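Two complexes are shown next, each including chain A; its partner changes from chain B in the first to chain C in the second.
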Partner chain A sequence: MDSASAPFDSALFPEGVKRCKFKWFLFWVAVLHGPIMVGVIGTLMCWGLALNVTYLNNNYPFGLWIAADLGIIALGGGAFFTGFLRYVVNIEELKNIVNYAVVIGVICYAAAQGILGIDIGQPLRGWFIFWHANVHSMLTEVAFCITCYFMVLCIEYLPLILENRQINKLGFFHGLAHHLHGAMPTIAAVGVFLSFFHQGSLGGVPGVLYGRPFAFREGFLVWPWTFFLAILSAIACGPCFTILVTWFTEKCAGKQLVKKNVIDILAKISGRLLVLYLILKILDTIVWVGLAKGVGAPFSSFYANQPYGYWVLITEIGILGIIPAMLLLSERVRRNEAGLIIACLLNCAGIFMNRWIIVVQTCAQPVMSFDKFVSYHPNWVEYATTLVFVWVGAVVIMLSYRYLPIFPQEKELNPL
Partner chain B sequence: MKEAHHKADEKTYKFGMVIDLDKCTGCGACMVACMAENNLPFRKDNSDRLRSNLWMRVYKISNGRSFPDLDISFIPRPCQHCEGHGHHAATPCVSVCPATATDYSHETGIVSQVYTRCFGCRYCMAACPYHVRVFNWWDPTWPKGMSKYLNPDVSVRMRGVVEKCSFCYHRYQRAKNKAYAEERRELHEDEYQTACTQACPAGAITFGDLKNPEHKVYKLKKSPYAFRLLEKLGTNPKIYYVSTRDWVRKAGDVYLGKEGKDVTHA
Partner chain C sequence: MFPFAFEWIAEPTRYVFMGALYAVLIALIIILHYCAIRAFLDMICKKKNHNHH
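And then the complex of A and B:
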């Protein structure tokens, strides 16, 4: 690229790659600021006018926000699991996507904490969860582990920032990045430990509610079975989410950024884990039917109120579970771009649906026989404040892609 | 083990209620008394029950049959002050609160709520199968001049926190102070009564120490017609209901099962 036609910020680009003109970059960032402002307005309304601006109520203390929180954390599970596969299991090829998995993870975990900051009624007291911690509460475990893991993710993200072409010229930052890279296996191992706990605890949040037969599960020691299912589902869908975002980034950038064999490894592992998850999920469902019946809650009562009919169970396990698992197991499908993306979409949608079910459908189920079913759907404030993190995440990705060496194979795949 | 939380010489109670559903007329006096006693805020249009602050709520249920077989019953529902037992050794809401903002007192058997510590995550609300916990969706407001009539013994809650029936705990504190002043260790039955108990014109609500044989509730809870809501879940609540009508008793202890299939909620 000759220097005359190069964007004025080209000195900040990674070595040997091409980026769009700065005005186009600025244009798309500005476009994203439209929905971001809507989300900011929604957030200010929640903080300024209290949560009556949402459609949450006393029957639905948990709604879209908490379901999204659990879903985002599961999807962001690609970060720790890819790190685990790269640094602990030592799958060399994954070094070509682990950076991007970290970026996606940072966004997901920041989003989850941001949503919680809007969801709680007294955001200024959010620190009470650490100060007055109740060690018996699943949410306490979630709060501690998510906060610690977010710090780990930031430490994993830091060397990428330090490797920016201009920052890396400074000796101290160059050295720091180098040393951080050297410590990455240890950092990744810490991240894996923390992630297993908070992924599980998020699954345990509804699982310990013994007053709610729809959600309650027996378990192992202090952990309900949903604790283990949540871990498994997160590592089964996280890599698929990484594949989806990478694919979308490639479409936006108009070029291939990661080699197919790297994507294939993630997809294959995801498919196998999804099969294992589904087997255990089906077993859990069978045991749960008997458990609920024992406390006077017949299986049919859980699906007696629309929109939560039997279709929910069939869709979650069948359409959004078994089908993507079959697709991901097939090498032919994995090598077909459309097939792979459909499988990943179904997989991620299935996990998200699972989180909605364990959070919102749990609240929807009347427990007392004379209690009335009421429906809930989120309003624009809830949607806008949830989606704002998608738009902010897109800006973070745009900045990271433009200025940081996220994709090691980009130069090789797209020679100038 | 639980008693080990206390000094051996400390007097402990297990306060609870017995509500005679055959006497309850559904007049709502208990709800009004509760609101006045505990400074419960209300809105100009307070008809949205999903967002109103009711610590005591009276449900109207029907056996679902047509006249002349139609029968109705009213179920006053304060906090059940669950104790939990066996496999579920903790109160459903207490064990989940991440900030220890709700606690089970082994001195009184009362489930408390620390409003200034609650940060409004609402996990306790999701944990409660009785819907006794309410969230302050708005800042509390009262019609002009009415704030002068608020109960000075009960703190007003701010928006964004969860609240619930406390068995008029301030009355317990007042009674205890009086007893100490009179150099007594034990409270008389009539010294500590909740507002709803005293307001009920039909005398349907009886309140006292469930483990004290001299208190009325001790005998009433042993009635063959006594039951508790959702007994099968193992929450071990301290609100007992009494009804001689079979269908009412079954409605209280089933979860949309065959036995309660005809029960409707108005």
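And then the complex of A and C:
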């Protein structure tokens, strides 16, 4: 591309890559600002008029926001797990996708914290959980770990920003990026430690509710079995979400950004972990059925009220569990783009559904003989304030892709 | 909360929770400072070498 036809911000692009014209970039950023503004209005309504503008109530103190929080954090698990595989297990090929996994992780964790900022109603009191910490609560552990892990992700994102072509010309920033890369195995190890605990605790929170037979599980020491299942499910679906977002970015950019063998490694690992997760999940379900029956809550009672019929269990474990696991295990399917993307979509949808069940269906189950089943549907304020982070995330991805060297193989795959 | 705050209750879980939190925060601060100081020293050395040549 000659200098006359190059976009005016081309000096900021990574070396040897092509980007669209600045006016098109600006156009798409402006388009995304429409739904972002709707989300901002919803947020201001929640803060200004309190949470009665939502459909949350005493039956459902946890609704779409918390379910989305748990889902987003599980999907963002791709960042810590890819970092673990790259820096601790030392799978060299993953260096070509670990940067993008970090960007996705930053967006997911920022979204989770943003949603919590709206959900607590009074974000100015958000610091209470750190100062007046209830050290017997799994949610306190989650809050500590999510905050710290977000810091870790920001530190992992920092060298990418410093490697921008213009910033990198400054000696200090060039050196800082270099040394941060050197420290990355230590930072990744800290991230793994934090992620292990908060991913698990998010699954463990319903597991310790001994007053709710639908959610309660026995376990090991202070951790219910759902603690370990949540970790396994997060590391099984996180890489699939990274593959999905990478695929979508490639479609938007109109070019290949990561080699197939790198994607295949992630898909293969994800498939094997999903199989392990499903085996343990099915065992857990069988044990839970016996346990609940023993305390007077027969299996059928959990699926007696629509929309939470038996289809929920069949869909979660069968359609969104066993099918993607079989697809991901097959090398032929993994090599086929459509097959791989369908498998990843089903896997991610399955984990999201699991989080919805452990949050919303748990609240839905009547626990007292005089309790009545009450249904819950989120309203537009909840949807808008949840989806706002998807649109903001898209803008962050667009900025990162345009100005930062997040795809090391892009130059080789797309010579100018 | 810090152990010297009047609201602090001396119980094992509090030491584990808050201890782990501060350990992680201190580790991150040390890593960032270590990298920044190394980068600064590199920059100084480069400038010195440049002046010598």
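Just so we're on the same page, the second predicted complex is superposed on the first by the 416 of 416 C-alpha atoms of A that agree within 3 Å, B and C clash if a C-alpha of one lies under 4 Å from a C-alpha of the other, contacts with A are read in each partner's own complex, and residues count from 1 in each chain.
Convention: contacts are C-beta pairs under 8 Å (C-beta built on N, C-alpha and C of every residue); 3 or more make two chains touch, one makes a residue touch a chain.
Computed from a predicted structure; not experimentally measured.
Contact with neither chain B nor chain C is seen for A:163 once the two complexes are overlaid on the shared chain. Residue contacts after overlaying the shared chain place A:410 against neither chain B nor chain C.
Residue by residue along chain A, chain B and chain C are tallied for touches, and B comes out ahead.
In the superposition on chain A, contact of A:190 is made with chain C only, not with chain B.
Using the contact criterion defined above for the overlaid structures, shared-chain residue A:138 touches chain B, although it does not reach chain C.
When the two structures are aligned on the shared chain, A:382 is found in touch with neither chain B nor chain C. Of the two partner chains placed by the overlay, only chain B lies in contact with A:374; chain C stays clear of it. Looking at the shared chain after the overlay, A:69 reaches neither chain B nor chain C. Annotation: chain A residues 131-133, 136, 140 touch chain B in one complex and chain C in the other. Every residue of chain C that touches chain A in the complex is listed here, in rising order: 1, 7, 11, 13-14, 16-18, 20-21, 24-25, 27-28, 31-32, 34-36, 38-40, 42-43, 46-47. Chain B contributes residues 48, 50-51, 59, 61, 75, 88, 90, 92, 95-101, 117-123, 125-131, 133-139, 158-162, 229-230, 232-235, 251-258, 260, 263-265 to its touches with chain A in the complex.
Taken together, the chain A residues at the contact with chain C in this complex read 130-133, 135-136, 140-141, 144, 148, 151-152, 155, 171-176, 178-180, 182-183, 186-187, 190, 193-194.
In the complex of the two chains, the chain A residues touching chain B come out as 50-52, 56-59, 61-62, 119-123, 125-126, 128-129, 131-134, 136-140, 143, 205-206, 208-213, 294-298, 301, 304, 362-363, 366-372, 374.
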